[in-house]
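In the two complexes below, chain A is the common chain; its partner is chain B in one and chain C in the other.
Right, the complex of A and B next:
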């Protein structure tokens, strides 16, 4: 009782620890961070994108020149944009069906801890290790992949050296990296489906295939849309694997240069900071438009599926 | 009868098929790691032979130790541990504090701030690479810079450059808010009646109750930061003393162009992966427990 009736200390610490002031103190580090490392960079990069700047001499205002150059003159930018789309579409076209199938096999299996650990292994591996591990596996003549193909008398493609298939190899590696994560998202989606649907279907004599295509897949739609959207957006801005696999060149012959990697090269190798900043904003604008369109699709799909 | 036996046989066949699929998939997941593990054991002579044999005839187990004596692995390991632990601590602290404020207090602008946190997550990482690099470079009064940010190298070539841009995670704030929302308000009101300051309520009452959430988020952050390459590489390119394991291996790639040394590179890769695998295998249980706790409360 004595404690409760004691008059509140009218000190600075008491004021700081009050219900009105404390939340702002809790938020202070985040707000300071937001100003210096979120708002300021966005404004700063926007300003730089209208200048010509090599980071050594003062920036020179050039108006819309950087944007004009990227969109109308630079042939490399559009090539990298095509590569980016190919990568983003390719990795979901290949990765999502695989993840659904594996999650379906995984969801009611035994030894789930074991399967999960194995399928998550690539996901918790750093991208440099992933790149070099596959660099050895996909070695033209003596890599594990072409040795194995050779056993079956199959040809030995230059997985990472042939510009026509290098990006497809990157997609295969990326799918391998991401499979565990998507599999887990799908298996969470599968466990949300009510068991009674399956029981009813089995009583009606539905086959396993019918159950999968007529019940499981439609009910999994919200998860599928979520995975498709998040993977696609992540795919558009991804470039770490391409950088590590190609020594930062995006080769062979620019075949694995995605727009994010091109921006990085233009900024930190060519020191054309203004042009690279404009590139970042163009790519971000594309991603924003796609995100908004897909969110709309997601909402509609989510409602319809329920 | 025949019909029942048929469906049973079919069910068994489809169960078998599922395990076959899972096993084949697991082998494809593991084979590249196995290839790295085997590769690290080859002698330089085997590397240079034509054609090179796949299986090492004289496994060079000491290659896994040589990476510590012949490469700056000790330095890299320290840098990886130091930056990863510091960032994990900072992100947990800032996420918990901001998440608590957004979950448990009513004040003007709260909903705007929460929506901003959700919106900030949508901004892609690459948009910040260039400006944050130069903000650190021209940071006033840092690293020999004057008040206008000229004259020195700013925060570049320091641990601060690796750590500071990762001090806050928007996703972490969102996640911790969800966890704090699950705590009853009565708990805090009772503590207030006892004369507790808001800080004591946070640190001594609220924080211990969301420990599963902190562990979950902590593992997420740790694995992500241990594997972070692009940013760390960008700010430590000219500072070998600050490079982490993956960045060090990547930037030292010129040393492994000679095929005789590639076993050492593969051994180094194995060392770069080992700590996260150990942490993951030990904490997987906590991780899943944290996830389910979050699902129930959120």
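Right, the complex of A and C next:
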């Protein structure tokens, strides 16, 4: 190497090690991963949503046709959309208060770790195994649930075969699955609340109910916001449990077909990748609107805490 | 010349000759990849034949790829996108229109087409034909008939299966038993949760009534025909009269908890496992009930197809013909032998004649194929999507939330719009 090149190399190394460049070098692998596996698919799916594509032949530009069909013609899409909202709202309405209540109760009890571990178990169980177990528990004729009801002289609901209650059954199973995770998050939130607030309230003569509603719940708002947003996003795009519980059909009578499952059928069974991509974007738009509404709704005490 | 130079030269010559030999071998040996939904165990007879073929054809290497039935179409798509398509597929006939329209499939050479037309029954050749073009060699046939539990029928006072749907309704009502909670424990007749559990049964009944589900040009349906409406209303009556429900499914037949169902012959192995020595004394098969007239039903088929991008097309067709022709004086071809061991039926005329199909369960299915009573499931455009749509409307009629004429009019409108997309 000539002596003249040495300063040039030294200045290159110095530039690479500078504060402006070095962080980007370290971030490069992660950024490249995000671009290849998140950004490019997102952009490509957006382009595909304006085409007719079966993945075997080149995509054909159709403009807004896919969106028009989904929003104005397809009789199934809106039904699945309703099912999706029912599932997302239902699992939150039932699951979140239950998780708060249990986390609060266990924060006052002995063997907290044991209780948390027990409630966490469904989270580490494979969803197919969960579906399989509940399939047998809720079987109309021979299931544990209906046999138990029979002992008390009660009727036998078609938990998974009656289209009017099948989705409610799915919600109950999902709440059972998710309870441990939400409870852990609320437990962490509860442990962050300074004990002095409780002591001051009790000194002022506040009852246990007042302490819970006036101190615990407001101070849990950041955790509640996080749980609500993540649960909503998960709920609106979730379909694994429905797929496993209904043999992949989303039945009976499409009562457990959520938009995610319908999208999967349209893409990989009907080979309408363009239409499925458009559905994905419609669903993403809905998730965005609901998330923004939640952020707005919980601005005080929630967003401001972050 | 030094020793080290000599060693080096020897090594170089050895390396070069090895490389040349490998290159020559790589040039001479063609690999043919075969993808099927059968697992390794089911494929064993065919795998044995692959090895025998390789011995007789030193330039050919055969590789087997398994893809689950539910993922098979996606596997084809992914492999095409990735440029790693198998050379030969065993595909379900209703996938063929889209695959053919997309240029995925290669047409068989003229001599292979002539051989197929001579060696296979007309109904099965139809299953591999789209708009007059033959796309492959038929393999496994699945035929629908009425399957009934002889013991449950006898316990209800019947010693013969129903011939008409009215008879079926009355017999099923007498077989049905409810538990103390009002749930049907033993159903007289059963359907099931899958698309085919409703749609294939509906098609079978339409053929039994003498009406094809689709118009001859494949661009329209006959769902609004009086026959189709009547079939659906009679199905719905089984639900409204408490003879069946969503709880009671075709799997109950093997559990001895269902009297009758229209099912395909491939369920035989389940019945044999469930009833053992009592199989033939328990399970009976009869033509699909109709209102008189000639019997009719539906069959569907898989067929061997060759990928249009395969670099070994000629060799693939040659291999397939070899696999589907009896070798060394054996009564069955390799494919026929595999299907026979699975308890399935073959579309190959000589295989079907040589198969072990003389038991009371299989004979009616074979008769339906040989007599031409069993018609091929129509290879219509977007068949999977259309059948899912149809199942949705059929379920609404079963549940009483839609009348049969309204449901069939809606199904007809939706499906006709999809059929119009066919290029």
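By our rule, the second predicted complex is superposed on the first by the 256 of 306 C-alpha atoms of A that agree within 3 Å, B and C clash if a C-alpha of one lies under 4 Å from a C-alpha of the other, contacts with A are read in each partner's own complex, and residues count from 1 in each chain.
To be clear about the criterion, a contact is a pair of C-beta atoms (placed from the backbone, for glycine too) under 8 Å apart; a residue touches a chain by one contact, two chains touch by 3 or more.
Being a predicted model, the structure only gives us computed values, none of them experimental.
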Which of chain B and chain C A:149 touches, first, second, both or neither: second
Chain B versus chain C as contact partner of A:265, first or second or both or neither: second
Touched partner set for A:247, first chain B, second chain C, both or neither: both
First, second, both or neither for A:204, with chain B first and chain C second: neither
First, second, both or neither for A:55, with chain B first and chain C second: both
Partner chain in contact with A:195 - chain B first, chain C second, else both or neither: neither
Which superposed partner A:132 touches (first chain B, second chain C, both, neither): first
Chain B or chain C, by number of chain A residues touched: B
Chain B and chain C footprints on chain A, overlapping residues: 55, 141, 247, 268
List of chain C residues in touch with chain A within their complex: 70, 73-74, 77, 80-81, 98-99, 102-104, 179-185, 193-195, 245-247, 382, 384-385, 388, 392, 395-396, 399, 401, 410, 414
Residue ranges of chain A in contact with chain C within the complex: 54-57, 75-76, 140-141, 146, 149-150, 154-156, 158, 161-163, 246-249, 251-254, 265, 268-272
Residue ranges of chain B touching chain A (in the complex, touch as defined): 10-11, 14, 17-19, 21-22, 25-26, 28-33, 35-36, 39, 51-52, 54, 93-94, 97-98, 100-102, 104-105, 107, 110, 113, 116, 120, 122-132, 134-135, 137, 164-165, 167-168, 173, 192-195, 197-200, 202, 223, 226-227, 229-230, 234, 245-247, 249-250, 253, 262, 265-266, 269, 272-273, 276-277, 280-281, 284
Residues of chain A touching chain B in the complex: 3-4, 6, 13-14, 17-20, 22-27, 29-30, 33-34, 36-38, 40-42, 44-45, 48, 55, 101-102, 104-106, 108-109, 113, 115-122, 124-129, 132-134, 136-137, 141-142, 144, 147, 176, 179-180, 207-208, 233, 236-237, 239-240, 243-244, 247, 260, 263-264, 267-268, 273, 276-277, 280-281, 283-284, 287-288, 291
